[in-house]
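Some structures are shown below for you to check.
One chain, chain A, appears in both complexes that follow, with chain B as partner in the first and chain C in the second.
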Partner chain A sequence: MSTAAAPASAALAPAPVFRPKRFTLGNIGLYAVMGIISLFFLFPIYLIFLIAFTPANYTIYSGRPPLIPPQLTWSNLQTGLTAPNSPFLPSMFLSLEVAFFVGALAILIGIPTAYGLSRLGSRLAYGLTTVLFVVNMLPSITIAVPISVVFIKIGLYGSPISIGLAQELLALPVTVFLLVGAFQGLPRDLENQARVDGAGRMQAIYGNLVPLIVPALVAAFLLAWMLSWDESTFALILYNPATSATLPVNIFLYFTGRGSPVVGVAFSFVATIPVIILTVFLQKYLKGEDLAAGVRG
Partner chain B sequence: MALAHRDGLEPAPVATFFERHQDQLIPFLFVLPALVYVGYFAFYPMFQTIVYSFQTPILSFTYYNYQANVQSGLYSWISNTLWLTAGALALQFGLALGVASILNRTFRGKTAFATIAILPIGIATVVAGEVFNQIFPGTGAGYANSILASVGIAPVYWLQHPWLALTVVIIADSWKNTSLVIIILVAGYATIPRTLYQAAAIDGAGALRQFWHVTLPGLRGFIVMALLIRGAQEVNIFQLAYIMISSYPQLLTVQVYLLWESSGGVPYLASAVSTVLLGIVTVFIVVVIVLGGRR
Partner chain C sequence: MTVKLRFDRVTKRFGKGRMIADDITLDVDAGEFFVILGPSGEGKSTLLRMVAGIEQVDAGRIFIDGKEITHLPPNKRNIAMVFQNYALYPNMNVYRNIAFPLKMQYFPHNEIEPKVREVARILGITEILDRRVNQISGGQQQRVALARAIVRSPTLFLLDEPLSNLDARVRFSARAELKKIQRDLGQTFLFVTHDQKEAETLSDRTGVIHQGRFEQIGPFADLYERPATRWIGDFVGDVPMNYMPWQESGAEGSAGFRPEWAEVSPEGAETATVQVSERVGDFSYLLCTMANGWRIYLRTLSSLAAGTEVRFNVNRHVFFATPPDGGSTEPPSGRPERLPPRAP
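What follows is the complex of A and B.
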């Protein structure tokens, strides 16, 4: 494999340094591979834009949809967003309400949980982390069905709170893993010092520690927000057809034969823009150790 | 406690249970609300599902929910789900190992490539399903066929054969979820000391042998973890598949949804399929716990 001789890695991996002739070749190979992989990742995103801004008879209603738009239009978005009876506005408000609820709750429960885990003995902390990790692996649809029965019983069915409480199951574990890392990064003496100075434990946590992990808190909030914004299984089982559904659920319904796909296209586009921006913004906080519940090799 | 000594406080001569575990008890109390929450909203519904699966609408015990589903094809739903899981894991790991090993180098444009590789995380599952439905529809149209037509290949009906339909779902799902595996493997790469590669190179190991003898052992914990997380999530794949291939071939999750929906929210029949799903996921969970305990 001559691709191993890429010059860029020469500074770190010494082997190729001795064979300078292979640099260029390996380089071209590497960039070619990256180009193909990038194309694979970018093509569907390009299509989201293409389908949103091209007349539907050149896209979803075409037998041979062209890859370059013959003409551009705003009409798909207009149809989707402003048509009479379009569920767009109520749908977006519900999505926003739920996402902010999930983000806020993730922080509210996440701070004490992460603090507790960072102060527990390693065996107990490991056991409790595993419990949270397992929650992330459970099938949403398995959990959603009995939860819907409970919410119908207590009259919360379809409310933003009921959808948010279910989605929090996905957001809380990741939030907690991220915040545990942040708490562990703080010097232990900070808390001890505050306690010696007469602060209570709560005061030490919220007055002295929390202000130092604000970036991690913002990241955790946005990550939870994003998970909720994109989540569709709980939102599908727990929405009330008589009132409103979240954006992903409406997209799902419009693409499984319950409305015009053009409306679904418009919804998809609008739902996608904020999360693409968030993903780029959150990139450095998306850490493998957090997503894998703190595996360290 | 070191602090107590430094302050000149005498440790209590005979500690009660509470005193001995005080440093553990209070942190535990901080974790408790989260435990109560996941207990009530995740584990209790899980057991509720198992109970429903053995109940009739008048709450008497029955095997009927399982028998009826076996009659309708439960075994084929299981095998479709497992094939999909296996195929998706293979594709995602091949791709993610490649991308992670590229990201392990330093080169011009690395940040841009890393950003591109994680973008799909931000695309909602239903949107990914919709877009891939436009790429691989069952009608002979679609963007994949546009590309094939440009090189003179006749249109493919992507949903004609169950294996072909599963394959396009595997591609779509891998597009959406490989990013997660990449992130985990990149974290793994960061834990492998550079000196190991240097030592291997001095011993005359080429790139392939370095990968086999240094990279793979170094990544093992991360690979196993990522396989288990993705494996469990793969078994739970639902809307992406439903939007793309509807019920042909049928998957466990889609069947749960259809049974639940067609019964107007009556959970009994759906819960039997749910419980089977839970059983498969439990295998992954048990492996996580066993491996974790050994660490």
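What follows is the complex of A and C.
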């Protein structure tokens, strides 16, 4: 017995911690590649920043915009955001309204849908989830027009709800996909235990299972939120010119000649801020393990 | 004795073919500790889950206290269940886990706390009430699961291999404790296990399930001493039963005997050759071959070298009217193996 235990405990001895040496040639190469990739993705953000804070005559109205701002200014933002009749504030509010609507609805519908799918056989569940993605496979513009017709018929056209509902078509499949994985990662017996302990089905789902997939819910909500914040096709076709359009639509309109591109730039800059904040927040939850299960053990 | 739980011709199959319950009829008495014993993969847990309402029966009816519950949802059956992995709610601490069934029954708040503290005291987990369930040991988790089952004072407990996740030392004491709790509560326990030691130590009666039917039901000692079939003889016990060709009241058959029913002595009537011997506690099992090639296990106080000729007498036997084919060559699946399986 003891002879059998000895090699086992030796095998369990802590493995030596792997510490890469800091400045080997290979590592320098690795960091260089990572640096280049980061630059590649960060550069557009820098460009937005550059154009937003550099006088327009150096950038938009110049043939060869500089990469280093010769001069910094607030005036672009001021012009864009505080000019009389600037659509910025109503646009921002509309975008927020629609994005929160899309996020909340995605969770609201996503939970029961994903729960149901997670309790089907996995082959059937995958089939149905794929069907959900059909709308995402089509170009938005092809369904935006028929959707508009329906909204006009039922009198919703131009309302924030109509934009939100259309965007939900894109957001919901992603949400459901994510939440199905989260539900499937939960031990089935947790639900059974709750039922035996006296919980009704709804109580078992919302009281016992949903609290365990909060990270997945947060991730799903933020993905839906950002998808809506970003979405411009439905938002462009369904917006009501008499009131306001969402931020991406306004940015598009300002760049395509319905106003000063400087205002568009200001909008772009402001529109990225919530996304950056959310992405930083999201990172905490976007770990593989959380998406897979949301619970350990 | 009043009947607590009744299976009335219950049938259940998985998918197209696999029979889990084949026309099972069973009465479990009130206050009884009934163990369902069987090899892994025989659908023991499914039987339990059908009582709990987590699995549906295909045909037949289930009664608790004479009331049919076959199609009631789990939360309307007033039973407690301990799952194999304990299924503690990871988002709640120990206290809230135990209080959960009471909350689901809308107990007044001021009555919940004394009840939770009472069962915590009984199970000796008062100190860990504030802990998270992933911060406590396996033995403690098992107690919490038991406490959560007891707190609501149900009259029927379903336990699905609750000891199998414990390490050997803890399992030993947990077993004794479980028996004591059942006796103190005086309630009916339906307990599923593949470990015959648990059936032996815990049960008032044991039902051995095989291919969707109870092969034999009775006190564990009966299963060991008087197996109804050769399958039971092989499944129950440290080693499979031994067989010899035998005639009894004119019928051809085989005599089954346990190793300790045979006495090894120089004057023995039968002979066998030792193949392997293995020390177990304070005696040795000898795997031997008889002259006709049949393999048997004998028990002696000291090990004997391979190739030794032993003589023995069979003092007791059980007669099986099945044709004498040399007995099983493999122990039934799921049975713990002590010695190398007998070659065909």
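Annotations
Simple rule for what comes next: the second predicted complex is superposed on the first by the 256 of 297 C-alpha atoms of A that agree within 3 Å, B and C clash if a C-alpha of one lies under 4 Å from a C-alpha of the other, contacts with A are read in each partner's own complex, and residues count from 1 in each chain.
In this section, a residue touches a chain if its C-beta (ideal position, glycine included) is under 8 Å from a C-beta of that chain, and two chains touch if they have at least 3 such contacts.
All of these numbers come straight from a predicted model, not from anything done at the bench.
When both complexes are overlaid on chain A, the residue A:G200 reaches chain C alone and has no touch with chain B.
By the document's definition of touching, of the two partners only chain C reaches A:L212; chain B does not. The partner that reaches more residues of chain A, of the two candidates chain B and chain C, is B.
After overlaying the two complexes on the shared chain, residue contacts for A:E168 are found with chain B alone; chain C is out of touch.
By the touch criterion defined above, A:N192 lies against chain B and chain C together after alignment on the C-alpha atoms of chain A.
Judged by the touch definition given at the top, the superposed model places A:W74 against neither chain B nor chain C. Common to the chain B and chain C interfaces on chain A are residues 192, 196, 201, 295-297.
Chain A contributes residues 187, 189-190, 192-201, 203, 208, 211-212, 295-297 to its touches with chain C in the complex. Looking at the complex, you find that chain A touches chain B at residues 1, 3-4, 6, 8-9, 11-15, 30, 33-34, 37-38, 40-42, 44-45, 47-48, 51, 59-60, 62-67, 109-110, 112-113, 115-121, 124, 126, 128, 130-150, 152, 165-166, 168-169, 172, 176, 192, 196, 201, 226, 229-230, 232-233, 236-237, 247-249, 251-252, 255-256, 264-265, 268, 271-272, 275-276, 278-280, 283, 286-289, 291-293, 295-297.
Residue ranges of chain B in contact with chain A, taken from their complex: 3, 7, 23-24, 26-35, 37-38, 41-42, 44-46, 48-49, 52, 95, 98-99, 102, 105-109, 113-135, 140-143, 145-147, 149, 175, 180, 183-188, 191, 194, 197-198, 201, 206-208, 210, 218, 221-222, 225-226, 228-229, 232-233, 235-236, 238-239, 242-243, 246, 253, 256-257, 260, 265, 267, 270-271, 274-275, 277-278, 281, 284-285, 288-289, 292.
Here chain C touches chain A in the complex through residues 49, 52-54, 73-75, 77, 79-81, 83-85, 87, 89-91, 100-101, 104-105, 134, 148, 152, 158, going by the rule given at the top.
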